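A, B, C, D, E and F label the chains in the order they appear, each numbered from 1.
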Amino acid sequence: MSTYETGKALSEQVNPGMEDALRARYGHLVPTLAEGVVDWAYGRHYADETLPLRERYIATIAALTAQGTIPQLKVNIGGARKAGLSREEIAAVIWQMALYGGMPAAINGLNAALEVFAAEDAA
Amino acid sequence: MSTYETGKALSEQVNPGMEDALRARYGHLVPTLAEGVVDWAYGRHYADETLPLRERYIATIAALTAQGTIPQLKVNIGGARKAGLSREEIAAVIWQMALYGGMPAAINGLNAALEVFAAEDAA
Amino acid sequence: MSTYETGKALSEQVNPGMEDALRARYGHLVPTLAEGVVDWAYGRHYADETLPLRERYIATIAALTAQGTIPQLKVNIGGARKAGLSREEIAAVIWQMALYGGMPAAINGLNAALEVFAAEDAA
Amino acid sequence: MSTYETGKALSEQVNPGMEDALRARYGHLVPTLAEGVVDWAYGRHYADETLPLRERYIATIAALTAQGTIPQLKVNIGGARKAGLSREEIAAVIWQMALYGGMPAAINGLNAALEVFAAEDAA
Amino acid sequence: MSTYETGKALSEQVNPGMEDALRARYGHLVPTLAEGVVDWAYGRHYADETLPLRERYIATIAALTAQGTIPQLKVNIGGARKAGLSREEIAAVIWQMALYGGMPAAINGLNAALEVFAAEDAA
Amino acid sequence: MSTYETGKALSEQVNPGMEDALRARYGHLVPTLAEGVVDWAYGRHYADETLPLRERYIATIAALTAQGTIPQLKVNIGGARKAGLSREEIAAVIWQMALYGGMPAAINGLNAALEVFAAEDAA
């Protein structure tokens, strides 16, 4: 199975319809973007079984919190929930980033988590 | 047990002599630094049992790789080894950061890991 | 007096009700967060008398402007005003960051300051 | 011709009224800001003919995407369009930043571009 | 031709032996890394003809200067030279980053360029 | 007096010979760099009297610590010493950045300060 196919299987599982949504939004500007995200992010990183998905999401949430990249942090908090992390565990990863990205970055990350959790409760 | 005491117990386990070393190096400039690191970083974050130590190190390695903070990345790769992560698992966390901190940050992180692993082999 | 108690006294002075507000918002996810902020940020940094509060706020505004961390920049501009900095002094710190964080970061910081000052005028 | 005068000529061409707008908004806080932007950014960088304007905008869009500085990214995408870059070329610069600033930064940059292009279509 | 094959052709042209060197250095830790770099960085970005190679290097040098990622900045300054940029043009891109990444980042970038140019002269 | 002349007077006072040194090192690549640094950094920022030089250095040290820009941090710690800051005050600014840039950034900043102070003692 190619890395694209492996990535497609995983992305459809954790984020159904993602490739089509990316193509619809960005395809007229960057025709290869949608396939590239599936192949590179999902096929070559997330689907690699050296680490369980749970731990890959911990790494991602840590990095995005430290960087302050809020929109994708929210998406990946959603993914982490599907991969089995509890709300408290996600919050602990984010709060730990007070040590590395600074206290404001950690607070902003927790605010993003609160939004995701509120949307879960409203669903 | 106070957060300082909890942190002291953990820091002596994963990083023996750390508080004394910090005090010897920085104490004349910032007298409260050494105790503050033990209390804040170890007592209030790493010793918190919401996440196992293994997963806290994954979060830390991810953030430090994405930020390109190499000296502390090396220290924490050492800590991650003591917390049970294999070399391949550590490398997978670092390489995943190509998605978030960029490919150069991930390569620089792997170079740091290679140095730590070479020092292990030489020990 | 413990660092927590020192921090509590200061935080209630510059930011009344902060610990309770943090606990109400984040306490169900990170039970130790509110006390940790008081102890670490206020007790161990802001309350340390090596630097006057005025100069600690200058340092904070500089860093948050360079990093582009806007929500906390606004909070700390408010704190700086209480610590005696004039609007022009705050603006000078922010604009100086054009040298270090780049011109866009400085402009975004000034926009944050304009919002804080407008809220002052409206109060 | 002074660097201010060279910068003024260029800024009026690519961004008419900019100096006056800056002075109106920020002049009461930082009286020298507006003239400084014209002199430093336009007179000493953009007007320098070592690189054509098209290539200066490529450099700027790359940096602002990698940094995630969205408001100024939008302004400079507008400038890049006036300097002759096609939508697809701008998108290619932004998407390339997935390699350096990470995939989220590139996606956020493309979202900024979509907003600028939609405003063009609505004009 | 697959994106890997396209990328391989380009990487061998601008950076001969790169895939083998990456595999020799990192392959025992991340077996898929070398092929991934060829496919993703070269096949899916640099080889894409929406932008000429010259302009892709301008974007890369801008981003790496603003981020302060010096080792890869040097590599890409070398690539930019092969893609036809003059020393003065490369320096102009780097110096422009004083506007976006700050003056220190630009100076550090120029120092990296001076090292690359000195190595050229010594070759 | 022009901003260049004001900046020249100040730069010769705090950093004698700087413009000539910049011209000697970078002038063949960026002919306008040396004059630009004097005019922009010294003439338009440091010489502006809205803030005393002491406080401008506090802002600079804070930002450079948070960003991890070590070479220029050392230069500016030297400048801060000339502007009257004690070693303990400089260390307090740097350590405060544990709150904003993270603990590793603060430790790396203190290491830079230790180097500068050791050089003072050796002088």
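As a working rule, a residue touches a chain if its C-beta (ideal position, glycine included) is under 8 Å from a C-beta of that chain, and two chains touch if they have at least 3 such contacts.
Each chain and its UniProt protein: A, B, C, D, E, F = Carboxymuconolactone decarboxylase-like domain-containing protein.
Because the structure is predicted, anything quoted here is derived from the model rather than measured.
Which chains contact both chain B and chain F?
A, C, D, E
By how many degrees does chain A turn when fitted onto chain E using C-alpha atoms, rounded in steps of 5?
The superposition gives an angle of 180 degrees.
What chain is the most remote from chain E, judged by the mean position of CA atoms in each chain?
The chain farthest from chain E, judged by C-alpha centres, is C.
More than half overlap in residue numbers between the two sides of the chain B-chain C interface, or less? Answer same or different.
Both copies, chain B as well as chain C, present the same residues to each other, with over half of the numbers appearing on both sides.
Give the chain pair, either A-C or C-F, that is connected by more C-beta contacts.
Per the contact counts, C-F leads.
Of the pairs A-D, A-F or A-E, which has an interface that repeats that of B-F (more than half of the contact pairs shared)?
Among A-D, A-F or A-E, the interface that shares over half of its contact pairs with B-F is A-D.
Of the other chains, whose C-alpha centre is the longest way from the centre of chain B?
Greatest centre separation from chain B goes to chain D.
How many angstrom between the C-alpha centroids of chain B and chain A?
Each chain reduced to its C-alpha mean, chain A and chain B end up 23 Å apart.
Hey, how far is the Cα centre of chain E from the one of chain F, in Å?
30
So what's the Cα centroid distance for chain C and chain E, whole Å?
Whole-Å distance between the two chain centres: 39.
Among all residues of chain A, which ones touch two or more of the remaining chains?
Residues 40-41, 48, 64, 66-69, 88, 91-92, 95, 99-104.
Would you mind writing out the residues of chain C in touch with chain D in their complex?
For this pair, the touching residues of chain C are 68, 87-88, 91-92, 95, 102-105, 107-108, 110, 113-114.
Taking the complex as given, what residues does chain B use to touch chain D?
Result: residues 66, 99-104 of chain B touch chain D.
In their shared complex, at which residues does chain D touch chain C?
25-26, 29-30, 33, 37, 40-41, 64, 67-69, 71-72
Can you tell me which positions in chain C touch chain F when the two form their complex?
Chain C residues touching chain F: 40-41, 45, 48, 50-51, 55-56, 58-67, 69, 88-89, 91-93, 95-101.
Which of the residues in chain E come into contact with chain A in the complex?
The contact residues of chain E facing chain A are 3, 32, 36, 39-40, 44, 48.
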